[in-house]
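Each structure below is given as structure tokens.
Two complexes follow with subunit A in common, the first pairing it with subunit B and the second with subunit C.
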Partner chain A sequence: MVGVVIVSHSQKVAEGIREMALQMSAPEQKIIAAGGMADGGIGTDAFRVSEAIVSADTGDGVAIMVDLGSAVLSTETAFEFLDEELRSKVQIADAPILEGAISAVVEASLGSNLAAVVATAEGARTLNKC
Partner chain B sequence: MSGNLYEVISAVGEMIIGNRQKLTDLDAAIGDGDHGINMARGFEAVKAKLQGMEMESDIGKVLKIVGMTLISSVGGAAGPLYGTAFLRAAAPSQGKTELDTQTIGLMLEAAIAGIKERGKATTGEKTMLDALVPAYEAFQDGANTGKTVTACLELAYEAAQQGVEFTKTIIATKGRASYLGERSRGHQDPGATSSYIMLKALVEYLRR
Partner chain C sequence: MIEIQVTITNTSGLHARPAAQFVQKAAAFKSKVKIAANNKVADGKSILAVMSMGLKQNTQITITTEGEDEKECSKALEDMIKSKFGEE
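Coming up: the complex of A and B.
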């Protein structure tokens, strides 16, 4: 099952999105929050992200949801710390972080592959709310 | 690290920490107002990390620690960008205990390539590259005409200063400031400024 990592500048945002996504997921679905800095401050930390990716992977790869700016840079930096095998099966979804995470988790819980999970997350960009 | 190496990095760190408010004010004008806080936090962490390593003399090894520490402690985009820059600069200086112009040229080249790659950025976008690329070119011009390391770094510092001035004349197309479009014109870029400050600290140290 494809794992999902949530990278936000805020630990609370990442944890909160994880909680919401858990409601929609299969019991064995891995959803790991990588929000904020080690000291609890606002920011992103590539090492926290790389650890989260390792924890989220069960062999089928990991889709990563990001918020703004440095979340992308930190995640791309985190990729450099992964071993080559895992690096070949991680992907950032160009999607809104909350809607993308929930869509990704639903797709992943169906047992879909990484490309399908990322595509579904990115589809959340055009979800109409009203 | 040799006394010198430790002192150089401390000098750079202290000048960044001393400019915390200035960098934050510049960033508040066109970004999210955290560049000074983030950079100071990063270099405070570097200071703590290097304590007890005053005798380490391998420049590459120390730069690698600096890079890793910035990546994990800065928090904003500058963390992965400067962190990657220091990590890349660590490769040509690996195992070296002193630097000549050729090695420094390779280090700057590798650092800039790392920033370009990580930030998917180039010059003219109102970023740190607008200070660093002219600085590198000026350094290389000096090196090619046989100038000393200090003289080359002085040229680089002057070019970086002009680069910072140049960022006032252009609009941002990368980073948070790009949301402001035309309103970013007239302001100097905080990232270019922090790059300039690091070179300034280096030159002032060498002039002592």
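Coming up: the complex of A and C.
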């Protein structure tokens, strides 16, 4: 099952999204929050993100949801900390963080592969609300 | 092919959590699953397609299942909707 990591500048945002996503996913689905800095402040921390990716991987790779700006840079830096094998199966989804995360965990819970999980997360961009 | 009509009775409709439960149940079967309502048709195994339908409470939907386990699949989905997804 593809793991999902949520990277936000805010620890509360990342954990809140994780909490919602857990409601929608299979019990064994890995969803790891990597929000804020080590001291609890606002920001993104590449080291925390890389640790989250490692714990989210069960062998099928990891889809990463990011919020804004440097969340992408920190995630890309985090990729450099990973061993080569894991680095080949991680992907950032260009998706809205909440809707993307929800869609991604449902798709991942079905047992879909990384490309399908990322595609579903990115498809959440066009989800109409009313 | 089996076609059933069922009304969504749970308060939040076929959104978010119920939509996720529906898709996961549908995906557990081999049969193709389609939902039709409001002149739209969606793949019942796609979370985005189901959520995009915007199915509210009291909407009547048609679920079509087709495949070797169509009967069991149809029954499981019908039961899930009728049980209001465990909402109340």
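Keep in mind that, in the parts below, the second predicted complex is superposed on the first by the 130 of 130 C-alpha atoms of A that agree within 3 Å, B and C clash if a C-alpha of one lies under 4 Å from a C-alpha of the other, contacts with A are read in each partner's own complex, and residues count from 1 in each chain.
Keep this in mind: contacts are C-beta pairs under 8 Å (C-beta built on N, C-alpha and C of every residue); 3 or more make two chains touch, one makes a residue touch a chain.
Keep in mind that what you see is a predicted model, and the values were worked out from it rather than measured.
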{"item": "First (subunit B), second (subunit C), both or neither touched by A:73", "value": "first"}
{"item": "Sites on subunit A touched by subunit C in the complex", "value": "23-26, 102-103, 106-107, 109-110, 120, 123-124, 127-128, 130"}
{"item": "In the complex with subunit A, residue positions of subunit C that touch it", "value": "16-17, 20-21, 23-24, 27, 45-48, 51-52, 54"}
{"item": "Residue ranges of subunit A in contact with subunit B within the complex", "value": "9, 37-38, 41-48, 68-70, 73-74, 76-77"}
{"item": "Residue ranges of subunit B touching subunit A (in the complex, touch as defined)", "value": "34, 38, 41, 71-81, 83-84, 118-119, 175-176"}
